[in-house]
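Each of the next two complexes has chain A plus one more chain, namely chain B in the first and chain C in the second.
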Partner chain A sequence: MSNRTSIKVALEIVGTVLMVVGALLIGAVLVVLSENNPIEAYQAMIAGAFGSKQKIAEVVVKLIPILIMSLGVSIAFKAQLWNIGAGGQFLMGSIVSVAIALYVPVPIWLRIPLSFAAAIVVGAGWAALAGWLKARFSANEVITTLMLNYIAHYLLLYLINGPMQDPYSDLSQTDVIPDGMRLTKLLGPTFRLHSGLFIMIAVVVLMIFFWRTTLGYRIDLTGQGEKVATYSGINVNRTVILTMGLSGGLIGLAGWIEIFGIQFRLLDGIAGGLGNTATIVALLGSLNVYGVIAAAIFFSALLCGGASMKRMTDVPYSVVDVIQGLIIIFVIAKNVVWDRCDPMKLFSKKKGYSQHAE
Partner chain B sequence: MLSEILSIGFLTSLLAGTIRLATPILMPALGQIYTQRAGILNLGVEGTMLMASIIGFATVASGGGLWMGFLVGILAGAIFSLLMAWLSVTLRVNQVIAGIGMNVLATGLAAYVYRLLFGIRALPAKITSFQAVDLPGLSDIPCIGTVFFQHNVLVYLAFALVPFTWFVLEKTMFGLKIKMVGEHPRAADSKGISVTWIRYAAIVIGGAYAGAGGVFMTIAYLNMFTESVIGGFGYIAVSVVIFGRFDPYKAMSGALLFGFASALQVRLQALGSGIPSQLLLMLPYLMTIAALIFASKKAEFPSAYAIPYSRMER
Partner chain C sequence: MASLAVKMRGITKVFNGVNANDHVDFDLRKGSIHGLLGENGAGKTTLMNVLYGLYQPEEGTIAINGRTAEISSPTKAIALGIGMVHQHFMLARPLTVVENVMLSRKSRRGIFLDTKETARELRELSDRYRMGIDPYSKIWQLSVGEQQRVEILSAIYLGAEILILDEPTAVLTPQETEIFFDTLREMRDDGKSIILITHKLEEILSIVDEVTVLRLGKLIGAKAVDETITKDDLTRMMVGREVLFHFPPLTRDPGDIRFRLDGISAMNDKGLVALKDFSLELREGEIVGLAGVDGNGQKELCEVMTGLRPSVAGKMTLDGEDVTNHEPAFYIQKRISHIPEDRHATGLALNWSLKNNLILKSFARPPINRNHLVQTKKVEENWLQAEKDYQILAIDGDEQVRCLSGGNQQKVILARELNCEPSVLIANQPTRGLDVGAAEYVRTRIINARNRGCACFVVSADLEEILQLSDRIAVIYGGRLMGILPRGSDPLEIGALMMGKGLEEKLEERELEQQNIH
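Right after this comes the complex of A and B.
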């Protein structure tokens, strides 16, 4: 890394941090408007994220799906494929995991790998469907992935109120998966942190190397425009479908981990805002693996801290959502302004997010 | 079961529902025709509608009157869409990301505003919404009266906007400028047309229409606000524009098609058809995908679609 690029990366980081601070400041104004003390609110937030060993473990618990999903989203984004259907792909992965864990009549030890593989395949298929619609019919993937989110959500509601509902309960949820299938708790029974952490680490390591593989390079090239990719001899349509599939596969995997590590059953709201958060984290991290890791840690802490702030103070949780929205808008605005003011811009090959990826 | 579906009562309420539910898709879709014709893909319509729905609702709830609420909703839509204009025209950022950002922001802001104004409550705040206007003579005609003449005034307004929008786009100088900016911004620029201002105008007009559609949901269709009140209508509107090939009349057919899917879902549920309601609720979203399959290849997008314009770059 030359001196010049390291200055550029440093400037990039400083700018992003400034934008996040700006969003937090506007969040503080909203806290004041809701007649609360912003210092107390942010203190509650920090204490809620890092106040005890238990709290930190919860941040890591949250980090596992967020980081895996954001890495999944960033694969698609790198190819300029706007997969914002992470929520739906996560749900499809979760649904198939639970279905296999509960109903497939094979020994328990076999159901674990089976559901693991199925969650990846189904998540991949759900996303690749949008990729295929784009390649075959040039249907805008933003709209199709979003519509698939709604469809997955209603499918979940149907299943937990109908065929998959726990027969011994009136609640809209499935039965829990057997004890023997759950991921091991790493820090004893009082902590929720589970062995899904190792899967997350494996995914991160894979992703670091992924962009140096031929496939990673092909995806990156596809993101630089259809012409560039076609001239390089890439089958764009096939790459589009494959890229969406890879992206959705990782997200489906996150669904499996959440089921086997935390939820143990299907119920409404298991995806929470994870889909949106993954999208924001991918953008905030400039689609770069290390950037995404940093952004994912920040967001896990923000969400855990926000939930704790909601319990401890009267501050509405929606402030956290507003902060998330402001962060995206500030960061994309910053990228442009930074780019224009940057004397070294002549050295950057192209505009947009992918330029910051190594 | 089948005989119930084929009954006159079911059909009239289904068709009336089609028209009523087409309205919140038609209004934003018409607005997005301006925006998309000018070459801007504004996915922030969803968030724009949500902001308008809460602010217009709050105006009515605080005693401002229904028409005041409607106007404030339109204004809120126009103002919120200025953010999209600034991001996409002035800063020239990626329009897809800008739209996603706006929607996330609106989700938080709308919930925040609702909580701030109405507090935590067991039951949602309610207002008296726009009521169906009684047209003497017309409303009483059997069947036809029920289908066409028992709606509230905003429904009629939405359909009146169809020829109006067509006229503005096809018959006025302003409409011509919008199309030129979307097709060939450089040529427009060389003719002394300000690409920046025409695009700003097209986005803000689109926002105002979206605002009207959003506030319709809370003060004319329902009488309360929920965080999921828009439920994808903004995105559906964007696809209706593509499906309707950027033409107001075709967009109207598209909106009616979605109105039909939504109304069918509502009516079948009311009938207790035995089909689980959650599966019926998927209908409009499945249809959106079907519509995109059907339309995208044939749609002739404006040449400068979703491409920012800069004088400096070639």
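Right after this comes the complex of A and C.
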């Protein structure tokens, strides 16, 4: 990497950090307005995220689905495919995982890989459907993935109140999956951290290489414009469907991990805003693997810390939502501002303005 | 001395630590046409972008009509009566002509749109300057030449008194250029001041009152243009040395037929017939030039030949094999290179680095691809070779190709398309926007490719280029082949065919034939 490129990367990082700091500062103002001490609030938040081994483990538990999903989202975003249907793809992956775990009459050891594969395939198919609609009918993927989110959500509601409802309970949820199928707890029974962590690490390693593969180049090039991609010999329609499939596949996988590692059953709200968070994380991380990792860690800590801040202080949890929202706005605004002020200028020789005019 | 419309002093603009403009002074007299000359990457566009408020210079001052002006945005520039037509069009492609014009200003009817009124005024202006623009056509449906005229039309419409034209004639035919220059002269006589960037030295000599020359960001000098100035003087100022126009001689006779078009027909983007029953043979080791006024089906023809557009009738064969209507990848595989007319949207991934643009078509094939991974080392080698071979002016190959000057962008495409040992080369306007030196260089490259056995097909609106390069000259008009002429044919004859002369007789002949049959 050349000197100039590293300066660019450094600037990019500085800009992102500034955005986050800005969002946190505005969050602090809100805390003051709610007549609380912002320093205490953020202290509670940090303590809530990193204060003990247990807390750190919880952050990692959150990180697993967020990171995998945001990496999935970033694949589609790179191709300029605005897959905002991560929530729906996650749900479809979860639903099929539980269905296979509970109902398929094969030995337990076989159900695990079967559900694993099925979650990926179904998540991929759910997203690829939007890709196909775009390729075939030029349907805007923002709309279709959003609509598919609703369909997935209502399907879940139907299933947990109908055919898949736990027969021994009145609650809207399914039965839990058998003990023997669950992911191993890594730090003993009192910690929720599970072996899905290794899957996450594997996904990260794969993604580090992914943008250097020919497939990665192909997806990236498709995002550069249909004309130039076609000219370069790429079948754009096929790539659009494939890209959406890859994106949704990773997200479906996250659904499987959540079921087999944390939830063990279907119930309303298992996606719990994960879809939106993944979208923000992908953008905040500039679709770059390392950026996305950093952003995912930040967001996992923010969500865990925010929950505990709410318990420890009188600060409402909505501060966390506001911070999330501000970050979205900043991410969008950043690109505009960055282009305008050309921060690279700081690194070129600059002399004072000389006066030549009459 | 007449007063100055524009007075720029000590303009310095730095990009990534490189001085694109280095203490440049520039004067534009009121009511004059001023030429701005320089090699690719000399900083012409940058200087004009500074004047138009698109870039803020690190140093220097600008005075408009004697008053110091802080031009912080194009809006300010327009308010000061400065209009600019860019080298690469800045039109919103999905919108119509009139909608594009209305984007640049407030509606006169408050919150309602004044589309009808604007369209009528545009049509009047277009008629007055013989531009033939329909205000209601969508930009993406227009040929490059037409888009150029739309840009000029809208700048004039927005009331520009100082008009900056960045290589406007690059996309015009000689005839169009003449008409366009008449328009410019009229505008000058109306008291407007015009800055004309061009690489065509004849144009400088024929229309310009004064010329300013830049080289590598620095001002070389400004001169009044009179009879005493020659092309050679200008070239020397521009390049700093003599340019030798040497051509490799024709070293081989054409071989077998490589690419054959047989009765090809195709539609354009508007769904109208753009190519009618077009037949042509390209032989191994031969350059066939296609002469024609822009927008007569050349683009569609090149696209059909590379799989970017389906043909609705006819057949294509490559070395005897039927290659009609395959996917673009198929033609790339067959080593058919294509230099597209529209380098920005089609020929380059603007946000990609230079290095990656050089492997746009080859990243999926060895040696760049090994075990499905793109070999960064090979990419780097490839770049260094291309930089050296084509003298691409860039910082380190990692910058976005968007940041390159127009001519250097074209060099990137050329390097990519010529370095893969093509068996057929389809070059649509290969030297458009290149400076004299670079253009000669590209032509030499094409001739070298021909001498290696490549079947070359060169489309150009520049008749001189066609005459210089072609072993055979095909002429297209209205999507039809008007005729094929040998090397050394009379330019007047070609010109006549380009304007469609002879078409009527041809059609009459055919009608007669048909009557005879009945």
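One rule holds for everything that comes next: the second predicted complex is superposed on the first by the 342 of 358 C-alpha atoms of A that agree within 3 Å, B and C clash if a C-alpha of one lies under 4 Å from a C-alpha of the other, contacts with A are read in each partner's own complex, and residues count from 1 in each chain.
By our rule, contacts are C-beta pairs under 8 Å (C-beta built on N, C-alpha and C of every residue); 3 or more make two chains touch, one makes a residue touch a chain.
Computed from a predicted structure; not experimentally measured.
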{"item": "Partner chain(s) touched by A:174 [first = chain B, second = chain C, both, neither]", "value": "neither"}
{"item": "First, second, both or neither for A:83, with chain B first and chain C second", "value": "neither"}
{"item": "Which superposed partner A:324 touches (first chain B, second chain C, both, neither)", "value": "first"}
{"item": "Which superposed partner A:145 touches (first chain B, second chain C, both, neither)", "value": "neither"}
{"item": "Contacts of A:316 with chain B and chain C, given as first, second, both or neither", "value": "first"}
{"item": "Partner chain(s) touched by A:239 [first = chain B, second = chain C, both, neither]", "value": "neither"}
{"item": "In the superposition, chain B vs chain C on chain A residues touched", "value": "B"}
{"item": "Partner chain(s) touched by A:209 [first = chain B, second = chain C, both, neither]", "value": "second"}
{"item": "Chain B and chain C footprints on chain A, overlapping residues", "value": "352-353"}
{"item": "List of chain A residues in touch with chain B within their complex", "value": "30, 33-34, 82, 84, 133, 137-140, 142-144, 146-148, 150-151, 154-155, 157-158, 161-162, 276, 279-280, 283, 316, 318-326, 328-329, 332-333, 335-337, 352-353"}
{"item": "List of chain A residues in touch with chain C within their complex", "value": "1-2, 4-5, 209, 212-215, 217-218, 220-221, 224-225, 227-228, 230-235, 344-345, 347-358"}
{"item": "Chain A contact footprint on chain C (complex, rising order)", "value": "7, 9-10, 14-18, 25, 58-63, 66, 68, 306, 308, 327-329, 332-333, 338, 340, 342, 345-352, 356, 360-361, 363-364, 369, 372-374, 376, 395-396, 398-399"}
{"item": "Chain B residues touching chain A - in the complex, by the definition given at the top", "value": "43, 83, 87, 91-94, 96-109, 111-112, 115-116, 231-232, 235, 238-239, 242, 276, 278-279, 281-282, 285-286, 288-289, 292-293, 296-297"}
